[in-house]
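You will see subunit A twice below: alongside subunit B first, and alongside subunit C after that.
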Partner chain A sequence: MTDRVLPTPRRSIGKSLLLTLPILLWSLLMFSRSMIEPGRAPKLAAAATLVFMVALFFQMMRTLETHRWRRYFFVALGFLFPVGFIWQLYALRGSMSIPVERMLSGDTPFCFLAIPMMILPAAVAGTVIFPGSILPTASNPHAIAAMVALWFAATLVLGKGWCSYGCFFGGIEEGFSAIPKKPRIRRLDPRWRWMPWAVLAAIVLLSAATLEPVYCMWLCPFKAVTEYPAVRSFETAVQMGIFITLFAGLVVVLPLLTKKRTQCSFLCPFGAFQSIFNKTGAFDIRLDQSKCTPCVLCEKACPTMSITPEAVAAGKPLMSCMKCGACVDACVRDAAVWHIKGTEVGASSERARLMYLYSAWAFAVMFGGSIIAGALEKLFGLMV
Partner chain B sequence: MKKLRSILGNTGAVLTLALAVLAPFLLFGWFQAAIGAAHLRIDPTYSGGQISHVIDRANYRIVVNRPVPRRSPLQRIGPFVQVTWTPAASLPAHFSDDVDLDGDGTPDVRVAIDSQNLSVDVAPLNARYRPMHSQGVTSFSALIARVKDGLVVRIPL
Partner chain C sequence: MPLTALMTEALLLGVSSGPVCLASCTPVLIPVLAAEQKSPRGTGALLAQFLGGRLAGYLAFACLAWLVGLSLQLQPRAHALIYGLADLGLAIFLASYALAMRAHPAASCDQPCPAARARLFAHRFRSFAPVILGFVSGLTLCPPFVAAGVRAAESGGLAHSLLFFLCFFFGTSIWFAPSVGLGLLRRFAAVGVVARLTLFLLAGYYGYLALIVLGRVVLHD
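Right after this comes the complex of A and B.
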């Protein structure tokens, strides 16, 4: 481990509290409805989530570290989302499997991972190749228009940062990747980084050709912990086998061995799709070459292998960077910095970090916080 | 030029923050309304297609949808026509219906349904259609299923 060459910065408690105040007020606003719901469980869940989110933000302000504290939220989101979702499925139909009957009635909750596959058929034929409903209904509140609207707003704000502050699947592998102290597999072939783009191209074209959401039907590892087609035939049994294998391999085993988010790095087509929006956002991460030695600590810390020697030479991570802040936290020379596009690199990096964090955390409290609170409410409901 | 880029960058950053705050109050609603107004519809493979005509019987109705063709050579789900008997509660345990699928006034298929065990036999009365037997869901284009308040039968074409 390389020692920090600059003194570890720390903000005063008073200033940190002041900077946390907007997020506290925002959190109170977001959880106010749960606070007045009848019963103790919703109130307890909302209060616990509020304290959790505000405390993490305070620590981000106090320690000037981002990834270290964001990770607690993200892992909690990743592990609590399936709890709430599976609970809801059992309450609705007593099973995680989705029968064809519910697909025909348009009751499949929409998942943002299907968005890239929908675009071509929607543009060409005006049809959505997903067995859900366009507008929310009583039996399907997670309708396509609602979820696409949420994703679009999040993308305008976060860009690829969605993968660090919004994606309720990424937290699972981030949790597993955080367990070991050191990676057992250190060297990964950099060519694997192209895989998500290949998968994205393949599923977009195949979905348009077959008029089926191919990734959802054949490749999504998270079907193993959310909702999968009812196993009624050899084909659905094979699909289930693929889901479990990919989940075990890419979301559990490889993150444990590599300390990387391997599903995001090597498979996720939505992550590749989201990378495009890194070009449109106002914020990015820069690698200040005047300060960089290079010690490769940032390269080691990056969970998605977005920092390569070429990226260091170019002064910025690859477009797959999800703005988690791991490289900035890891850099001992303050060479990896938050940056507002168009401004001078390193001139106002803390201001850039603050502005991005306010935007990202506001979204995280509103979206991820509601998911965490929903799952906690169900768990607290068992106890109180 | 450098200053202009800096001003534009900072403006973008402020706008991003404003969007984050506005998202739950305005943006979601606007975007959802915009998507809702885009006249998108669920692919007929899943929705069953648009309603063609309705046949009234004494205790129930038969809703016949327009045929859903194969629209791509790589599409795995074959062409079908969806017929719905509704309300499901009014259906006898076993019944048979002659159904006019193309709306020309003459029956095209005889459909025998066991609504308790969810099995269906389709006998063609017109050379354009094929016989079918399905116990529950055989495939997306050949099935009998209880959906909401109806009994849905998809007859392959």
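Right after this comes the complex of A and C.
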């Protein structure tokens, strides 16, 4: 491990508390409704989530590190989302599997992964191909319109940062990738980085041709931990086999072996789609060549292989960068910096980080925080 | 029915159902055009080859439509068999095409050798591929195509059926013209890599569909 060249900076407790205050107020606003709900479980869950989110943000302010503290939140979100989701499925349907008739009636909770597949059919045929309801209903609160609006608003600000603060699936593989101390597999063919784009192209074109959400039906690994078509035929058995194989391989085994987010890097078409919005967002990461040795610490730290020698030479990560902050935290010479487009590189890195973090964490509290609180409420309900 | 009215009807049917035709052909057409990484002019030539193959497919189907007349509505088993075989052929062809794209015509040996012959074969295969893919796409039973087939069968003689399909083809082809713009992406090398990977994925998808459909046909025997 390379020693840190510059002294490890640390902000004073008072200043850190002051910087955390807006997030504390925002969190109180977000969880105030749960605080006044009857019963102890909702109150406990809301309080625990509030403390968790505010404490993590305080640590980000105090230590000036981003990735480490964000990862606690993100892994919690990844592992607690299925808990709350499966619980709800059992409460509503008594099963994780969804029969075709329920799917056709629009009782499928909407997932943001379907957004890229819906664009062409909506433009060409004027139809929404996902079998969910556009507006929320009593049996299905996860409506299409709400999720699309939420995703769009967050994407405008965060770009592909959505994959580090909003995606409720990525935390599972990030959790597994954090377990080993060193990777067993170090060399991965960089050409595999293009696979998510190929999957995106294939599913968008096939969805337009078949008017079906092809990815959800055939390739989504997270069907294994959320809901899946009821296995009633050879076809649905194959579908289930694909879901489980992809989940086991890309979300569990490969992250353990490589310490990378392999599903995000090699399969997820939504990640590829989201990369486009890295071009439109205001924040990015820059690699200051005047300070870079290069020691490749940032390359090793990047969970999605977005930093390559070519990227270092170009002075910025590839467009697949998820703005998780791992490279900035790993860099011992402060060559990897947060940046606001249109400003000088490295001149106000901490200010750029703060501005980005306030947006990202406010969204994380509202979206991920509510998911965490919902799952905790169910778990506390069992105990209290 | 007067010839002008027949042609107008076919043209309008083609224009109105063109987006659906485009949607059903794009999984094959777009990756092929993107993978070849030609200039807009070269892409236009590829598109013309694809559309030529598609026209041949349409006309072949028109002959069939005229031959079988109103009995065009096939038995479900025959329908499934045609679908399954078409998907299987498409899958094999797409995978072969993606593999052939990796071979360059320049031989690595001076004398004719197996490697050079294989490369030459791959190069020739590549040059015919858009036509063949267009032909297979033309044979695919997409909904507007079936509608046109039924109408063509009712239109009278073989010449009328062929003319109807020709006009229908021109009507749908208008919607394909913007895909020439893919030629503008040729300066991005990554587009070619992604397109080739997409061809493999699509080959897997069509291959799987073929197995499911043909499996059903076999199991019903």
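The working rule: the second predicted complex is superposed on the first by the 384 of 384 C-alpha atoms of A that agree within 3 Å, B and C clash if a C-alpha of one lies under 4 Å from a C-alpha of the other, contacts with A are read in each partner's own complex, and residues count from 1 in each chain.
We adopt the following convention: a contact is a pair of C-beta atoms (placed from the backbone, for glycine too) under 8 Å apart; a residue touches a chain by one contact, two chains touch by 3 or more.
Fair warning: this is a prediction, and the values are worked out from it, not measured in the lab.
When the two complexes are superposed, the chain touching more residues of subunit A, out of subunit B and subunit C, is B. When the two structures are aligned on the shared chain, A:Ala122 is found in touch with subunit B, with no touch to subunit C.
With both structures placed on the common chain, the touch criterion links A:Ala48 to neither subunit B nor subunit C. In the superposition on chain A, contact of A:Trp194 is made with subunit C only, not with subunit B. Once chain A of one complex is fitted onto chain A of the other, the partner contacts of A:Ala209 extend to both subunit B and subunit C.
In the superposition on chain A, A:Val148 makes contact with subunit B only, not with subunit C. In the superposition on chain A, contact of A:Leu257 is made with neither subunit B nor subunit C.
Annotation: subunit A residues 121, 125, 206, 209 touch subunit B in one complex and subunit C in the other.
Residues 5-10, 12-17, 19-21, 23-24, 27-32, 34-36, 39-48, 71-72, 74-77, 136-137, 140, 143, 145-148, 152 of subunit B are the ones touching subunit A in the complex. Taken in their complex, subunit A has these residues touching subunit B: 26, 30, 99-101, 103-106, 121-122, 125-135, 144-146, 148-150, 152-154, 156-157, 206, 209-212, 232, 281-283, 340-344, 352, 355-356, 358-360, 362-363, 366. Subunit A meets subunit C in the complex at residues 120-121, 124-125, 191, 194-195, 197-199, 201-202, 205-206, 208-209, 214, 218, 234-235, 238.
Of all residues in subunit C, those touching subunit A in their complex are 19-20, 22-27, 30-31, 190, 193-195, 197-198, 200-202, 205, 208, 212, 215.
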